[in-house]
Amino acid sequence: MTETQKILVLHVGLIALLFALNFILPAYHHGNLARVMVLATYAIGYNVMLGYTGLLSLGHAMFFAAGMYGMALSIRHLGFAPAPALLVGIASGAGLALVVGLLALRTAGVAFMIVTLMFAQTVYLTILLAGRWTRGDEGFVIQQHERVLWGIDLSDPSSRYLAALTLFAICLFATLNLIRRPLGRVFVAIRENEERARLLGYNVFRAKLFSVVISGTISAAAGASYGLLFGYAGATFATVQYSIFPLLWVLLGGTGTIIGPFLGALFMFYLIDLSSGVTNAYMLIAGVALVVLVMFAPQGIAGELRRRIWSWLP
Amino acid sequence: MDFGPYLMLATLEGAVLAAVLALMASGLSLVFGVMRVVNVAHGEFYMLGAVLAWWVTSMVGGGPAVAFVAALIVVPVIVGALAAAADMTVLKRLEYDPERTIVATIGLLYILQQVTLMTYGADARPVVPPFNTRLALPWLEWSDGGLHMFWPWGLSTTTYKLFVIVAGIVILSAVWAMMRHSRIGLLMRATQLDSEMAQAFGIPVERVYALVFGIGAGLAALAGVLIVPIQQAHYLMGGDALLLSFIVVIIGGLGSLAGTIVAALLIGLSDGIISVFFSPTLAKIIATLLVAFVLVFRPQGLFGTRDR
Amino acid sequence: MSVILSTHGLTRAFSGHVAVNAVDFTLNEGEIRALIGPNGAGKTTFVSMLIGRIAPSAGRIRFEDQDVTDLPAHLRVSRGMAYTFQITSVFGQLSVEENVALAARRRLGRDRVAVRAEVEHALARVGLTDHIGQTAQDLSYGHQRLLEIAMGLAQRPRLLILDEPTQGLAENEIAAFKTLIRSLVPDTTILLIEHNMSVVMELADRITVLNFGEILAEGTPVDIHANPLVQNAYLGSG
């Protein structure tokens, strides 16, 4: 088998496995996995920046929230149907990413991290400030009859699962394709050595801006879908915690790998799910995981797989 | 109340906030200045200071004053030692790589916060101030062709609040004197200028780092101890405090102690006044945007000069 | 002979210290020019301004009859300049092939066949064909230097600036390097910072000597070799 074939077999196999699980999983895990796939999509978006371009953002919740609120507010206040509402959500995230990218990319490293953190905090506070429309922390429910997309009722567990899988598969293969194309190769070049990439004649600022916009758009798509599939939008999804989560998932799963975000989101979701049965301090797990990962396994799960067995893993 | 007395009251309240903020932010600034480490867990050291102050004062007998003095001495040492241990076990192993250190301090943030939640719980608890006499303040007004002193209703402060302001000034002067005039301060400044060179000259850089990280956290803990008789101790109180210190440190110019103190005064004093005109949320939005724009367009801070 | 690159009054000061002082410099199309001078003479600062890594404090740069002083580095590269780093600066985690492909792809775009052909061609010229699949950081230091040069070649530049290319190369690799550079002219103009005097003397058509940020002398290798000022500068600097 050539490397390309191996890559296809692995990723198509993952999607096929997830599809098959739709018919056999018990209800509880079925619902969890639907959630994990949407969150993994969010992590895939995050990974475009962190894993493939070397840009560490601490504010991705703003893109997730932009997608979620762009979608939910246009349903609630403008009476949009789900399909155009989804588009509004994705476009909000893309627009926000463009603006944030244009500003934040003037900085690098630690300053970039703090700038993204501050912009995300601004978005969160704005959601609270506009409580009249967003209902702030409390959030609001999107009614079942508002969640019928092309005749499919997204509140039905199986449709919801398959919709989440569709979103996940699209974003997985889109990023897989991206990193094999010239633009994606330039992202990796910037991650490896920004100055060298510039002196090979690449417009590094523009490439990074593309990366931020692609990353923000995928994150927004995840946020909009999350709101639509689970019928709720709330300011919690814009908090710092939701900016830290994708970082955690990607670090755990493996930065700069295509399946890493999914593995990380899956493991961390169940880790927190299990521990929240024992204690209300479930974020302790996240904290310990961050420290342990950054100290002992900066490659993450898929990174270790690549190092030890599958050197071809993209 | 008239505007004049009201402004005086807001200024006094602002000075209390400024003193606490200056302590906390100078710890953050010291750590960044010497070690080039952005300590995201800094707010949790402040929270630990407040929570441990509650713990110490409830353990020690002999009246609120004795208990409080005990807390003031013991708590920063405990928190400082904890931070130094975290530096030696975690940050040192990461070789102070900027991005990985930030991720590690985020992890540390959640560990400290959640362990506090598991042990101390989710309640907010007060600490009795060592002394708390209410002081009515006079106001001068020109009337009937002469200057008259009177005592407007509501214009007052407490001895404890004045104590916090004075304590802030004393502690910061001590820190400044330590950096300028002591041997350990010299070692820190040498390490700050060029850690490799310092190492080559036989300065124990690793120990200096652990000490700096400990002192930085100790300053945050001191701020926590000082604030807890005014504000109750709660496991989530670190978040807002961290945000405010970030604002102060970035506006003041990263790593500059003088700039940090000026910015703390500015933010502390304006906070009370801004909240008169805007909702607190809007004030926070303006502050976070200000930080972002300062970093984007004036990375040396509002008062700093470009050092390249 | 037409001029490919010229500078007028090019100056760079770092907080008071003038690294390059009002340099007027002309490079003819198709020549091999060596830039030499004692350590700290401002050679790397000078070429960094030419390629756009450092902005000049004063002065202008013209490339192929156009003023490029205000252009960012990547646009100068797309107009036909290329630069290889003094400190090896390859993409360590990527394969040798991908390193060179990145250099070729900016010009050739999505044409995979053309990129592949260019990569093979460039690697063959520096003798790294056998290492095409290796990860760049696993190469020996000398091979990384050659990879760096291959990346310069794959850009097919009009002007190739090489910053100490032979540093760390073995004797036989230096000989191959000299042959390679000679085969590039006159299509490509070469500007070479070099410490190895035998390389300079054998390769360069003309030599420019920088000292304390100023041009001390310029001429053929024979002229420079006999120039008392130059000998003085080198001996004087120890």
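Just a few scattered comments:
Order of writing sets the labels: A, B and C. Residues in every chain begin at 1.
One rule holds in what follows: a contact is a pair of C-beta atoms (placed from the backbone, for glycine too) under 8 Å apart; a residue touches a chain by one contact, two chains touch by 3 or more.
By chain, UniProt protein names: A = Amino acid/amide ABC transporter membrane protein 2, HAAT family; B = Amino acid/amide ABC transporter membrane protein 1, HAAT family; C = Amino acid/amide ABC transporter ATP-binding protein 1, HAAT family.
On a predicted model such as this, the values are computed, not experimentally measured, just so you know.
In terms of which chains touch, the assembly is arranged as an unbranched chain of neighbours.
Distance from the centre of chain A peaks at C, each centre being the average of the chain's Cα atoms. Rounded to a whole number, the gap between the C-alpha centres of chain A and chain C is 43 angstrom.
The centroid of the Cα atoms in chain A and the matching centroid in chain B are 35 Å apart.
The mean-CA centres of chain B and chain C are about 52 angstrom from one another, to the nearest whole unit. For chain C, no residue reaches two or more other chains under the stated contact definition. Residues of chain B in contact with at least two other chains: none. Across the complex, chain A meets chain C through its residues 181-182, 185-186, 188-189, 192-193, 195-204.
Taken together, the chain C residues at the contact with chain A in this complex read 51, 53, 72-74, 77-78, 82-83, 85, 89-94, 98, 101-103, 105-107, 109-110, 151, 155. Within the complex formed with chain A, the chain B residues making contact are 38, 90, 93-94, 98-100, 102-104, 106-111, 113-115, 117-118, 239, 243, 246, 250, 279, 281-282, 284-285, 288-289, 291-293, 295-297, 299. By the touch rule above, chain A contacts chain B in their complex via residues 56, 58, 103-104, 106-107, 109-111, 113-115, 118-119, 121-122, 125-126, 128-129, 240, 244, 247, 251, 279-284, 286-292, 294-295, 298.
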